[in-house]
Amino acid sequence: MSADHIRLDFEREARLGFGEAIYCAGKNVAQIATILAQAAERGARFLLTRLDETNFNALPRHLCAALDYDAVSRTAYFGSAKEAPEQARVAIVAAGTSDVPVAAEAARTLRFYGQSAANINDVGVAGIWRLMERAEEIKKFQVVIAVAGMDAALVSVLGGLVPGVVIAVPTSVGYGAARGGETALAASLASCAPGVVVVNIDNGYGAACAALRILRAGTH
Amino acid sequence: MSADHIRLDFEREARLGFGEAIYCAGKNVAQIATILAQAAERGARFLLTRLDETNFNALPRHLCAALDYDAVSRTAYFGSAKEAPEQARVAIVAAGTSDVPVAAEAARTLRFYGQSAANINDVGVAGIWRLMERAEEIKKFQVVIAVAGMDAALVSVLGGLVPGVVIAVPTSVGYGAARGGETALAASLASCAPGVVVVNIDNGYGAACAALRILRAGTH
Amino acid sequence: MSADHIRLDFEREARLGFGEAIYCAGKNVAQIATILAQAAERGARFLLTRLDETNFNALPRHLCAALDYDAVSRTAYFGSAKEAPEQARVAIVAAGTSDVPVAAEAARTLRFYGQSAANINDVGVAGIWRLMERAEEIKKFQVVIAVAGMDAALVSVLGGLVPGVVIAVPTSVGYGAARGGETALAASLASCAPGVVVVNIDNGYGAACAALRILRAGTH
Amino acid sequence: MSADHIRLDFEREARLGFGEAIYCAGKNVAQIATILAQAAERGARFLLTRLDETNFNALPRHLCAALDYDAVSRTAYFGSAKEAPEQARVAIVAAGTSDVPVAAEAARTLRFYGQSAANINDVGVAGIWRLMERAEEIKKFQVVIAVAGMDAALVSVLGGLVPGVVIAVPTSVGYGAARGGETALAASLASCAPGVVVVNIDNGYGAACAALRILRAGTH
Amino acid sequence: MSADHIRLDFEREARLGFGEAIYCAGKNVAQIATILAQAAERGARFLLTRLDETNFNALPRHLCAALDYDAVSRTAYFGSAKEAPEQARVAIVAAGTSDVPVAAEAARTLRFYGQSAANINDVGVAGIWRLMERAEEIKKFQVVIAVAGMDAALVSVLGGLVPGVVIAVPTSVGYGAARGGETALAASLASCAPGVVVVNIDNGYGAACAALRILRAGTH
Amino acid sequence: MSADHIRLDFEREARLGFGEAIYCAGKNVAQIATILAQAAERGARFLLTRLDETNFNALPRHLCAALDYDAVSRTAYFGSAKEAPEQARVAIVAAGTSDVPVAAEAARTLRFYGQSAANINDVGVAGIWRLMERAEEIKKFQVVIAVAGMDAALVSVLGGLVPGVVIAVPTSVGYGAARGGETALAASLASCAPGVVVVNIDNGYGAACAALRILRAGTH
Amino acid sequence: MSADHIRLDFEREARLGFGEAIYCAGKNVAQIATILAQAAERGARFLLTRLDETNFNALPRHLCAALDYDAVSRTAYFGSAKEAPEQARVAIVAAGTSDVPVAAEAARTLRFYGQSAANINDVGVAGIWRLMERAEEIKKFQVVIAVAGMDAALVSVLGGLVPGVVIAVPTSVGYGAARGGETALAASLASCAPGVVVVNIDNGYGAACAALRILRAGTH
Amino acid sequence: MSADHIRLDFEREARLGFGEAIYCAGKNVAQIATILAQAAERGARFLLTRLDETNFNALPRHLCAALDYDAVSRTAYFGSAKEAPEQARVAIVAAGTSDVPVAAEAARTLRFYGQSAANINDVGVAGIWRLMERAEEIKKFQVVIAVAGMDAALVSVLGGLVPGVVIAVPTSVGYGAARGGETALAASLASCAPGVVVVNIDNGYGAACAALRILRAGTH
């Protein structure tokens, strides 16, 4: 696909409170370079998601230098992140080590749009005391993003513990009956805890956007 | 199942900000009566959901009288609803006539826990101008609950229009490829609009609980 | 189907340590009566499962009288249960009220074959402290049967807490994304807790048979 | 598979109004070369679809030279395209950048068989005003091919706006709940707009063939 | 659901060329009566689909009398059908006897909106000569609606024979691997015949609307 | 996996009338070499299936030389094929070019075990006259193996034409709604033609074994 | 659906060796009566399948009397069965009691078209010795129809034991993971025994038709 | 993902009787090295699972040397295995050659935690006598791990033969209708043998953990 087909939505920030992000999966290096050139021309800031290390490294030197890239989350900032309040209003809770990249995508998205988040990892329910030790801490956040694959049992436990908004991000971690994240997704939707909300599999970016909407909702 | 097996969670309100609701589907009249007796003893208020008109009418006279029942939403209030602010902070937008019962479950749940909601019906995207006419009105709400079956296209259109939180409630309306709500569910999760969150099929109650969490998140 | 087609397996007890059970779903009253007559002739004891109250009541008087029937579990004993040790070696833990019939099927099966079980209900993880309060008690059992529908998160929490054998029985409780028990089944199989084993949806009988095999395995 | 197994349908054009196309996915360079040799012998014109750039480049020099190849759509013309009327009767509307290759397959197919098409890109419903701005323009076409992945909400919006024939081409764009195009496919079939028709996932070629049938239907 | 929730789309005819139809499945007698009263007030004509004989008979006398009802197709006309040209431009071809109700829904819809159709039944491909005998006749129509369940093989055979537009309507006829019409749907979409288009399972109404769009496309 | 784990079933021929075949998919070159060594020691003949050209070429020289290898069908004979009657009793009918490798696997299997087959290719139903021209020829065979992917419509047409046994082999040819052969499989099972039998997707070997059983059944 | 739509295929017997059967599921009493009247006029014999006892009893007296009805298999003969050889060439092997109705449909179909079958019931593999005791007897048949639900393990065991043709009929017996017969179907198709063939779920009629084709194949 | 995110659960052994295992799939060489360094510091022993030969060979020399690696099972021991009783109490029974890696994962896990197992291979039910010959031997074990793909018929046969605990491990062996192990999984869950328990597809590790729980259950 040639890069002329790409038309960015420069007005999203005004409309929704956060700008368009460039989803890089399935785009080649030339296309990404063209997008960044368009953005540079207009002085626009952009978040890039799902940018593989290989693609990042293949970008022209000056573009690599212009990007603040993070390999774990596969995100890059073109332009600087907004200033964020010191006090995090969002907790990102990941069940296991393999869920960290998705949690990191959420954290980096929040940070770019001006919110900081507290990261709490390795609190999967197979060792429930690890989670219980941190329950009081987690309860204080207005929004809790729960990142979990396989059975996603963490989602329900948090949903029953926490009075804030719980956003479940099912991940594609696991094999066999985990079905590429479908089981975590269905379990999150069928959760016995009331008022848990869910985004797509591995969609850390979407969970962060939802958190941004929620935090804004409380302020007007 | 005998009614002694039922143990209510009287502390949920303190913990999460809204009390336990009694999901009546699959419970018989005797069980519902026992629950209400337990609640009456403790002076507890309760929301009942999925209470069929047949089951409602089969309850003992004095219990029928004690309940504020609504046949469309299949909900009943045992005890009076909390006072609600005049100004609705939540809009409940339903795509078609058949989505109304689910929308009504959300509205009744919000009302019981002290929030009023604005209802906007029959704005399915097959006649997009109906929705566009009301776009400015809908944009003002902090939370928008989008209730839609079949293709759930309403969810994505709202997600791109509205800066507030958009909670999708896919419904089981439709036949064939609608697959009992699975298509609306998947389409909502795969929405091209960023930061839309989703609850289970036909789960108007869950969407309302999420809205309660969100409105509370903004206040502490 | 005429009853002459039915051939019972009177030697199962010798072979496996527990006799054949009669699965009554899809059998009519005449067939069940014929089976009981065959059994009576040989002086055999039998467990009947999935026997609806309607079918039970439609049986000839003398057969009703000969059966020890339990409506919650839909089981009946033809012949008396084996003597059971006072001390239960199996705990049956049910997440919610709607899971009780399946839990009861497991309990009645164990009791018929000479094992008593402790029943622990309404400890779903949406209120995790209810489960944590009873953790020490549950840890003492050699076998824990975990009965849960929807997200089946209880299974993983127990699997990480308990050193004994955890047998998950996913139930068909729930709607929408619960998919008639498929989500609970997949979540149990994909559990992050090591060494949890799983039986079919709603299969309280099978879980009890597995427990019988396990308890026997420890004794020879 | 050796190339002798291949038997082309040289009479399709007489029968259906458009000739057989060579679907190159899963065929190797030798097979494609043999097919082109057969065609050349008979002086036949052919459309090739799903021809990867790698395979195209691996063809013998003289064949590369004989083909009018387009990398975006992965199509090639062997022989020249029919003359097309200046005035396009078909609009090809693509929701997002990633849908462009499928849209291009449709456009190139139409062009080969003598129809020109207007391309309208990046009008996904997450920014509904982009579509509304061009509504009057789109309404004028006799056939509108709507190319969209993920939730395919564009299909329903167009189906309700446009009096012409709307052919939905669901695409495999997206991840997780997009399920490789299955969600876009089901949403298109379950569309709330009446009289929308659907072809297989990513089947730009099929949509173009349908358009050719439709345009011909109007002329006899 | 109370009837006040229902808002009809009286402008659809102007916009799309055919008016809104009332899908009666899941609506009760009171709701249907209210809709007809609204329509009567405005002097509007309406098509009713999926109207069961039981519901039809339960309508008030004067409404029954006002409707032109057909039990096979479960459709009713409120107001008279448009005049139709004598010469049918659409053929409706049904594979087997059980597909006739869906075919009849298509025929009645076309007739209401001013098109007549030729019905060709019992030409399933298991007796291919029955179809071949009528091939020349079928080829003459501009639009062929192919109604078939189970394997839907009729769709592909027609798609290869007929130069006109072939609209497949998969039906829910069959059992087991027919999966309620899903197999016929998938087979129609995966058809080896080029340019076949597909509507939802059992959607005779939708196929007719598509045909109306197509016939109109040819005229402007 | 080391090769000592492999235990061949040298008695299958005596029991079933055809020997064990070595399914090479997922076996490495060392394992295949070990198997052939075992077979050589016992003077056994063996059929190898799913043997990729790459693996074949990587075998030790003397083994390559000892094998009669066919790249289209990915089969090899170790030891010579049984003598076959000149007159073929089985027809192998393939819908399209891409189905040929599966058809060839069936043909080579039959040949190894002493049956010859007639191959009839490119008779997919999208050009039904191609099939009809050969109908009389095909009707004469006792067994017809129908190899088809996508919609597998060929299966039903043959099932209604041919009095002999029709064995459907659905293939994984196609994309999108073809679902890797699942649609062809379901369509074959739901065929409207009576008495068609089906084997697994791409299982040309299994269809040939079934044909061997059938031909033998007629002789004792 | 009115009965005039029904067109019987009176020539099937000449073509395939067995006449058309009337599949009564979804047909009402009036339609069945009309069919029988058509058949009577032409002096045709017919098999009726899936005829519920309720529908049978609702037929006019004289038609009930004219039919040889069997409630277990839900089949009826209109006209007398062909004469059958005393010696059965087909064995019908059913895994459990609940599979008997499907087995009976196969037996009655064979009998009507002139073949007798041996019935072997209750040989499910959970008690493998029951099957092993009868292995020698079963091996003698040219065709073995294996009727089994749930895991359908019987199919593979027979496929490895028996040199004749093994036709698997998966049944819808079971619950939960049995998925209405889908598991038995998939397991039969994925069987480790070579050359097993499969028909649709619960399709006893289809298995019998396949057996008729096979027995005929041996004779010409 | 950087290695600092990894937090090991060093207390699992005390809690459950067996330590945490490192699931290496999806971890890179650097991460595995970091984990081993952490473990070495604390003097901890660890089991590594799903460690590809490529990854193993890429580890630093001294770590390779410190590991007891097995390529078939893809497991490694860091630290020495516990002493095991000579007498095996667990039998691991594999249906076919391709199931051996999963069986080996179970065996190696048991061995690391102090249990020896007897391995019985190539006893798939397509040659049932191979299994019957060893039935008496298998019956003596307290726990039988049944490893089988495709139709998993071995599970049911063992479940009916063996009085001990039967743990089914469905494998992803097979193609087409085997659906990557889903069919073996469903067939094991729907098994007609009572009291069989099931773990996730290819989960040899999980089956071994379950066996450890069971053997321990018998001793306290």
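In this document, chain identifiers A, B, C, D, E, F, G and H correspond to the written order of the chains, with residue numbering beginning at 1 in each.
Heads up, the rule we're going with is that a contact is a pair of C-beta atoms (placed from the backbone, for glycine too) under 8 Å apart; a residue touches a chain by one contact, two chains touch by 3 or more.
It should be emphasised that the depicted structure is a prediction, and the values quoted were computed from it without experimental measurement.
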Legend entry - Chains in simultaneous contact with subunit C and subunit D: A, B
Inset, instruction - Name the chain whose C-alpha centroid is farthest from the C-alpha centroid of subunit A. - result: G
Inset, instruction - State, to the nearest whole Å, the distance from the C-alpha centre of subunit B to the C-alpha centre of subunit F. - result: 56
Inset, instruction - Averaging only over C-alpha atoms, locate the centres of subunit B and subunit C and give their separation in whole Å. - result: 35
Legend entry - Geometric centre distance via CA averages, subunit E-subunit A, whole Å: 46
Legend entry - Distance between the centres, which are taken as Cα means, of subunit E and subunit D, whole angstrom: 27
Inset, instruction - Scan subunit H for residues touching two or more other chains and write them down. - result: 127, 160-161, 176-178, 185, 189-190, 194, 200
Inset, instruction - Throw together a list of every chain pair that touches. - result: A-B, A-C, A-D, A-H, B-C, B-D, B-E, C-G, C-H, D-E, D-F, E-F, E-G, F-G, F-H, G-H
Legend entry - Complex interface listing, subunit B residues touching subunit C: 1-2, 5-7, 9, 12, 25-27, 172, 181, 185, 200-203
Legend entry - Interfacial residue positions of subunit F with respect to subunit D in the complex: 72, 97-98, 100-101, 104, 121-122, 127, 173, 175-178
Inset, instruction - Would you pull the subunit D residues touching subunit B in the complex into a rising list? - result: 95-96, 124-128, 132, 150-153, 155-157, 159-161, 174, 176-179, 182-194
Legend entry - Of all residues in subunit F, those that touch subunit G in their complex: 15-18, 21, 142-143, 160-167, 185, 189-190, 194-200, 205-206, 208-210, 212-220
